[in-house]
Each structure stands twice: as structure tokens, then as C-alpha cells.
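Order of writing sets the chain letters: A, B, C and D. Residues in each chain are counted from 1.
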């Protein structure tokens, strides 16, 4: 397919359903992917943080991506995370993604190692020239412990290295300044926010779309929110966002004394999607701690209150 | 005056004009304060971060606050920062603020020492009961290195310890969840954002107002932004915010090789207000590094581009 | 007294005993101070982090310092912390310390505000020239969130601004490189480690002495450790340090679910000193959370195991 | 070979020589490895941070490891880093290392994702049971942004999950407390410090050995330091460490305005080893920035001053 320029709308970071033994559950990938497309999303982002990509082997990543690409069948573009520590390793992941049929790549700054803006810029340029697909930068300091500087993004947008940005930095002030500057020179550059609790705000500020982890649970809600914003009905957009912000409380059902925030949030997303019948099993990848029965019951309550059961 | 419940609108964190020798320039405090009130602001916040409170002696703090209270003359409420490391010291600052005639107090979590939510809650309760004025919590992790937990703010709002929150955390997702929860139980609680680059968004999300450092430079702009948002004219609010976000670039005129971000941003605010004729001298307090002539020239250019000269 | 150049040995950061109602307990200050001097310490550091300086009003700080200076009576030098956010405020604290009779001052980098090495250097130079006493830099990133750069310390040692350094950074690698460089040019500069768990190592590496919070509890132990190291008996120094490192576990008796690390560690120091009969009351300053009876019982067990009861 | 219990001595984290085009330079791996063994080191650690493991593809990692194992020929044990984000991916790396003939594995806590002590413990247990080789924990917060809690290491030492620890945390106080507690129950557990500037101190404190990046440049120096410490000649150990600490300045030859600390330090190590004739090419992996000629000249000066040319 011809990649949309700019990419706009709701692009959920698709969770990766697993079997009880920890393998990729291909039929569930297909069922969930089809559901999201039917709900009206404008693209799919496979192998991101919500996709547990940090927990999947290379083989598992390929399996999940291939199933999603095949199910999408060109109806919406499929973006593939190519998450690895530095350039050469990212290029190996990119080669896999190209073979699996992805429409675009999403890469972070180098991590594990300490880096520098000059090195980050070189990294993106080498990834772009080493893999013949549109490239999105994934700004996610909570994972890579570096914030992409605004000037770096502007440079890489201007010279065509980057097609777009997925901003999960949570730095809405910096994003606003970036949007103001981007609109002057590179209107086709796509800015997608990963901050799923302030999508109405990001769209008001000029972002093109959203990559909401919670969109796995309520894709229809995010599509409604996006459509309301596009129509200029900010009151409706705000109300939808408020409802989704309340629903987001399900990410905190896990007990912080015995598990990390990833176990709780990804566990809750998977439990919710499973309770809605969209995947066969709610298991998360090791060494994440499974949610207990009480936590799952609270996920169910949140879904019921949101009218999603 | 009777304190507004909730406090709404534009409440600039007033800079503290200094003389060339580093003393508080009282006539300039009065001139700037009068200008802000005439521009239509809804309150004044003295002795915050923009007021260089961390750089002022207790005597200087009292002098600046007294001048502002006297100039305001009850036309708008005056909030006073009571910034110090822990409870007993904050209460000394609060006693000074009460004597100077402040209408409300603004306190942070303890800093310098390592703290805990249980201790922070006790801190605010002791400050509230030790000083008979409405109390705002000032959430500013960049300064105190602790983020106020959402549950703590909700508890202190519900039991009347806090009258409001000044949120300079930059965590807009957490703020959204807080706003959704506050609206259910404590509608009179005032939420003011300190994130001056996303005010349209914060108001769309339900915040009551804004405490913009840049409001010292362009108070009329923030008042227009606030009024547009109150009227539901989000396109106008967004355009005004975009203009102000572009103007904000003046905070980066300082050379990061020879000065910190405080020297650059506060220096630029003061240079701009001085260039606009609202204060007599642009000096910042030691050991901040003064802006050079080239940097001041760039501040002038930004002002000219924004139509403020 | 003539200030020793360099200052060497054990310089405990003296805790500030409080009455049950939270005022400075002057008789206990005197009793504890006298005990420490009789144990053989080489100096006293009042109003540091262990002294709860962040929790004390200016009046309380003066009271505690005056009592210690009077008790010391010139037998050992008294260093006074002048802990405040920036230069002008530190100079107010310094004036108080000079009046109280301190022999030297100890100041940190600016905090609460964001700063820069150029500003930090100017800060120390202004404090030194504004108060006629020897000045130590206090490198404590956990409190001020800035690490003093090695080059900055070397510059301020070379030009006479600083008489010494209290290093509580925990960065032993950087400290080693500093010591190697200092020995070449400024042998009279005093380097005191605040890392009370690795004193044998610091002395082996060439440090002049130690400022151990745990020295309030077991001053004799630290004096023995120091004397063994001075005599080149590293096996004895190591054994003493190992014993003290085991004793340090008493700082963790507090329940982290309901209090911060300051409440636990300072509470345990005070409980231990109280159990040893050196102060009248173990209270810590608000809003720290008091240790419960079970925690105090564990402090007692630690003391008994260390032969200190 | 039978793995030594505990492993003691100098275990350099071997750099990975590359060709000008960025491939692993196998003859140089062999030459450097043979040199280190002849210098008297007690083991080799391949594929650690100094080995640029974050920059190497899986194929490159295997190539370097196989060459080192073959050259070692059982004369010293070869430890292999299995650095990847989480458990399943680490197990893939471990399978490669087993096939390549490694004698032990070295794994970090999970990274990129946010984690929790319960998850970290499960991670190490799964890695240990999934790969039949002794397992060392690699505590390196600067890379993975989590510090291994002391209690976790003690538990995993006691139950046999871990054979040892490579401590690159820089937290010497916590390490001391760990050593004191380990000596009571698990004397065969091996503690190796990665803090190459304080090796005399770590050995005095009871550590078993050191993993010094600088040992690629001056293996003989670290062997002398270790032997002096083992003989109880702490003055000699200190003098050797002081010399090596001064030499360490070569890691700072790179210009921080145009490159990160990894580019500078790894670039300098490689330049030094190349200048000493131990490898054919000083290239580092992309996107690190190469050192310029002036920086390399300064490396040469440092080597000359240390008598290494």
C-alpha cells in the first residue's frame, strides 16, 4: 500500500496475545487485529511497548507481525517496532520487519548504552538508509532514558529521514513547541501522541493522531474521540477522553508490593481484552507477575462501569 | 477580601524586579503589578519560582510581597509562596506572609531531605493549621524532586487542607486523571496549571486557570487565551497559545555552556519586561549569570515578532 | 582557635536533640557534644543533614550551634552547616554562624533552583568573600541533585576559596581521581568523606577524615578505625569498619510503607543515642514519622549486639 | 574446565576489536586475548559493556566469543555477557554462549521495560534453570536503570541461583554491607567489582576480584595491584591504583559537545590498545563518534606518561 502522508488517526499499539505456555497465539492476534480494524482504527502498531516487544524473542516478534500484516491485508498500514539497543541490531530487526511485510518502522534512540544527540541523529539516518521503509522515531524516555531533543526531530523531519514521530515522552510543552515549528516547514510529517490520557488536548494542539495502549480495550472510544476532534466538537472529544481517563484506572489493579507497573498495566490490558472475548488467554510474558483473581475482578468492574461488557 | 472559590483565571507568578545592586526595586514591583492587574489578570502569585524566591532573603521576600499587596489593594487576590525546606521553616515564612497581607499561601512538598507521602500529607496539614489562610499545594518535581501523588491531593482536597493546586509537574496525564476525580467530589477546589505552553489544553481538560511565567511578558495574551477558552472558542484559544508557545523561545537565548536554565529563562523574562518598560532594571539575583548583549538583542527580536514592542 | 590545615580525623555530624515539644534540647546538645569530644573526635560538624538542619528554624539552628560551640570551648573546631537554597540566603545563615562562634562553614551547591557549574563556582566564591571563615564544600547530590564537578573543586581549592570538601556523593571513583589530583598541588586541602560505610577505603585512598552520621552512636568505633588506618594497620581498620557496617543496619528499622528514609535513619540514630543515655528524648522534627516501639526495640538489639549497651 | 569457586582475581571485560568496515576482527580478538592471559589475568569477560555488546549483532557476538574461547583454550575461564532486555531474549543469548563454549554467563536485570525486585529474582532464576552454566548477576544501574537490591542478591546467592556478582553500581556503601553479610553464609560466592578506580578499596573490603575496562590497556597493572592486595601490601596496592586512576583520564579525551561518554571512553580504550600494538584497528561500532586525531594524540600522551609505550 501507499503509505499515508501524513498518517492520521488512531493507531493502537497492538498487544501480543500469548498461549498459556508463553507462545504467540496466532489466532488471537488475527481476531484482535480484525476487531480493531472493524472498529475503525487508521493503522496498527505492532511490536511496541504495549506489544511486550521487550519480552518477545526475534522469532516471536516475526510470528506476531506476520499474522497482523496478513490480517490487515492492506486495509490499514501496519507499523512495526524495531526495538533494540543500537544501530546494527535495529537493522537486523528491520530486515525481519521488511520480510514480514510491514509498511513502516518505528525505532527508539539507542538504549542500555549512554548516548548523545549527534549519535542519535546518526543512528536514525543509518536505520533509514539501511531499510527501505518509512521511519518513525519513538520518543520514550521512560524506556530508553533519553528525551529526543526538539531540534533533532526538526532536522530529521526536514531532511526526510523521519516520516513521523510517536511521542510517548509525556512532555506536552515540548511537543507543543515542536508542533508549532513543524507546521511551518514540514506539514506532511506525522505526529502521533502516545499519551492516551490527553488525546483531545494533543489533537487540539495539532497532533495528527494517537497510539493508545488503552485502544486495545476500547478502540471504538478512541475512534469516537478522534472523529469528534476532527469535527471540531471539543466538548464531545473532552467527554470521551474523560470517560477513557476514568477507564484507565484499570492499569493500577496490580499490587505494587509484588509486581512492577508493566505487569500491572499490560496484565490489565490483556485481562480486559480477554474478558471482552477478543483473545483466548490473558497471560503476559515472563518475568512479569500475573494478576491475581481479585485484580482481574476489578478489571471486570471497570469494564462493566464503562459499558464494555 | 473574600477568597474566590474556586480561584479561576490567569494568576501570573510575578517576577521580582531588582536594582543593579541586587535589592528589591519597590517602585518597579508596584509598576509591574499595576500593569498586570490592568491587563485583566485574576490574581497574583508572589514569591514563586519565577519570582526568584529561592534567591531572595527573608527580608527581600517580605519587601516584595508587601509592595504587591499594597498595590493590588484588594482588586485581585495575592497568593504568596512560602518556599522552604520543611514544616517549621515554612511556618516561619507563612507568618511573614500573613503579616504582609497575603490572601493565600502556596507551599511545596519538603525538599533537600528525602521524604514520603505520609510525611508530605502531614506537612501540608501542619502548615494549614499553623497559618490561617487558604493553602495551595505547589507540585513542582523539577525543584523538589518529588511528585505529589494523586491520592494525596484528593485526600487533602476532600478534608479541606488544600484550597487548590498549582501543578507545575508537567505530567498532564496524571493531571487529567486528577481533574476527572476532583470534579466528582470537590468542585470548589481550584486547579491551576503552571505549564504555560499547554494552557488551552489544560482549560479544555477542566483546569480552572493558569500561572504562566510568560504572563509577566504578555499578560494580555494569556487573558485573551483564557477568555477564548471560557467562551468555548477553542480555535481562538489554540491560535493564541500557539503564538505564546512561539514567544516562549525567548527563554532559550542564554548560552547553555556558561549558564543554567534558570539564568537563561528568568534573565529573558526580566529582559523582556524591562524592554517593555515595565521595570527599571533587568538584573537577576546572584549567582545567576547575566544575559549578554547578544542574548538581550534576541529577546528584543522575539518581542518585536510578537508585536510586543 | 587556629583552624587545622588540613583538618584530619573524625568529625561527626552532630544530631540535634529535641524536646518532646520539638524545641532544641540544650542540655542534651551539651551532654552529647561533651561525650563526642571525650571519645576523641577531632572536630564537630553542626547543622548538617544528620543534624536535621533542613527541619530547624533559623532560631533553632542558632541555639544548637551556640550550645555546641560553648561546650567545645576550643578543644576541637566546630564546623557549621549553612544550608540554604542560594547565595544571599546562605550568607544570612553564615552571619548567624559567625555570631555563634563557628570555626568554619560548610555550604552546598544551590538547590531548589536548577544551576550550572559556572554559577556554583560563583556561589562558593561569594560565600567565601562574604563571610570571614574557612569554607568547606558539601557535595551531597542526594539532597541538592547536583554533583560537584571534579574540575570545579580543584579550581576552588587552588585559588583558596575552599579549605576542604565534605564528600557525601557516594561516587568513590570520582573521589579517588580528585584525591590523586589534589595531592599534586594542594596538600593542605582537607577531604572528608561522608560515606560512613567505607571509611577504611577512603583513608587508604588518601582522604583526611570522615564525617560519619553513625559516629553519633559509636564515636569510639570511628576513632579506633581512624587510628588504625593512621597506623597502617589495615586489617584492624577493616575489621572495625565491618563491625560498623553491620551496626548501620539500624538505619533500616523504620517501615518504608509509612515513612521515608530520613525518618527511619535519623529516628534510629536518635533512638540509639537516647538508649545509650546521651540525650533525653529521641524525638525527630516534624513532619518526620516517629519510630514505633517495635522499631526502637530493634535499635536496642543492634546496640546490644554491637556491645554498646 | 571446572569453574573456580569463588572466582578470584583480574577478569578484564575484553573489548571487541573491529575492522574498518565494522566487522569483528578475529585475529585481533585472538591477539588481545592471548596478551591478557599472558599478563596473568584470572579470567576473561566477553560481551560486556566494554565489549560494545550493545552495539554488536547476535552473529558478531558469537564470532567474538568463539574466538576468545578458542584462544583461551581452558587456561582461564571465559565469562560471556548475555545482555538483552528480558528473560526469553536472554535465554536465546545464553544458548548462543553455551554453543560457543563459554564457562559462565553474566546477565543484567531486565531493561527497557520497568521492572520490580520480584520480577528480577524470577528473571535470574529462569535464566539459571534455562542454561546449564554458572550465572553471575551484573549490577549496572547506569545501563539498566535499576539497582539490584542487597536482599535479592543475598537470596539468589543462598539458593544457588547466582555464582557471583559483577558490581558496577558504584554504590560502595551498599557493596560493603553486602560483603559483610555474604561472608557469614556463602563464602564461595564471588564478588567482582567493576569500579576500576577503587580496586584496592574493594579488595580491602573483601571483594574477590575486579573486572576493569582499563585492564584492556594495562592488564599488568591490575595484576600487580591484585597481587599486592592479596599479599597484604596495601601501600603498594594503593600506589598502583593511584597510577591507574591517573591513567584513567584517557577516557575523557573526547569532546563532550560532539559525542557521548561511551564514544569517548570506548574510543580511548581501543585507541590505547591499538597504539600498544595489540589490535589492528581502533574503530568503534556505529553510531558512536570516532575520536579525532587530537584526541588520539592525547591518548598517546597518557600512555607515554604511564610508561606503556
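Simple rule for what comes next: a residue touches a chain if its C-beta (ideal position, glycine included) is under 8 Å from a C-beta of that chain, and two chains touch if they have at least 3 such contacts.
This one's a predicted model, so the numbers in the text were calculated from it and none came from an experiment.
S.K.: Please work out which of B-C and C-D is bridged by more C-beta pairs in contact, and write that pair.
M.R.: Pair with more contacting C-beta pairs, B-C versus C-D: B-C.
S.K.: Is it true that over half of the residue numbers where chain A touches chain B are used by both copies, so same, or is it different?
M.R.: Comparing the two copies, chain A and chain B contact each other through largely the same residue numbers, since over half are shared.
S.K.: Starting from the mean Cα coordinates of chain A and chain C, work out the distance between those two points in Å.
M.R.: Once rounded, the distance between the two centres reads 49 Å.
S.K.: In whole angstrom, what separates the CA-based centres of chain C and chain D?
M.R.: Each chain's C-alpha centroid was found; their separation is 35 Å.
S.K.: Could you list which residues of chain D touch at least two other chains?
M.R.: none
S.K.: For the complex, which residues does chain A have touching chain B?
M.R.: Spelled out, the residues of chain A in touch with chain B are 170-173, 176-177, 180, 195-198, 200-202, 204-206, 232, 234-235, 238, 241-242, 245-246, 248-249.
S.K.: Provide the residue numbers of chain D that touch chain A in the complex, in ascending order.
M.R.: That would be residues 22, 49, 54-58, 60, 83, 85-89, 92, 110-116, 118-120, 122-123, 126, 142-145, 256, 258-263, 285-289 of chain D.
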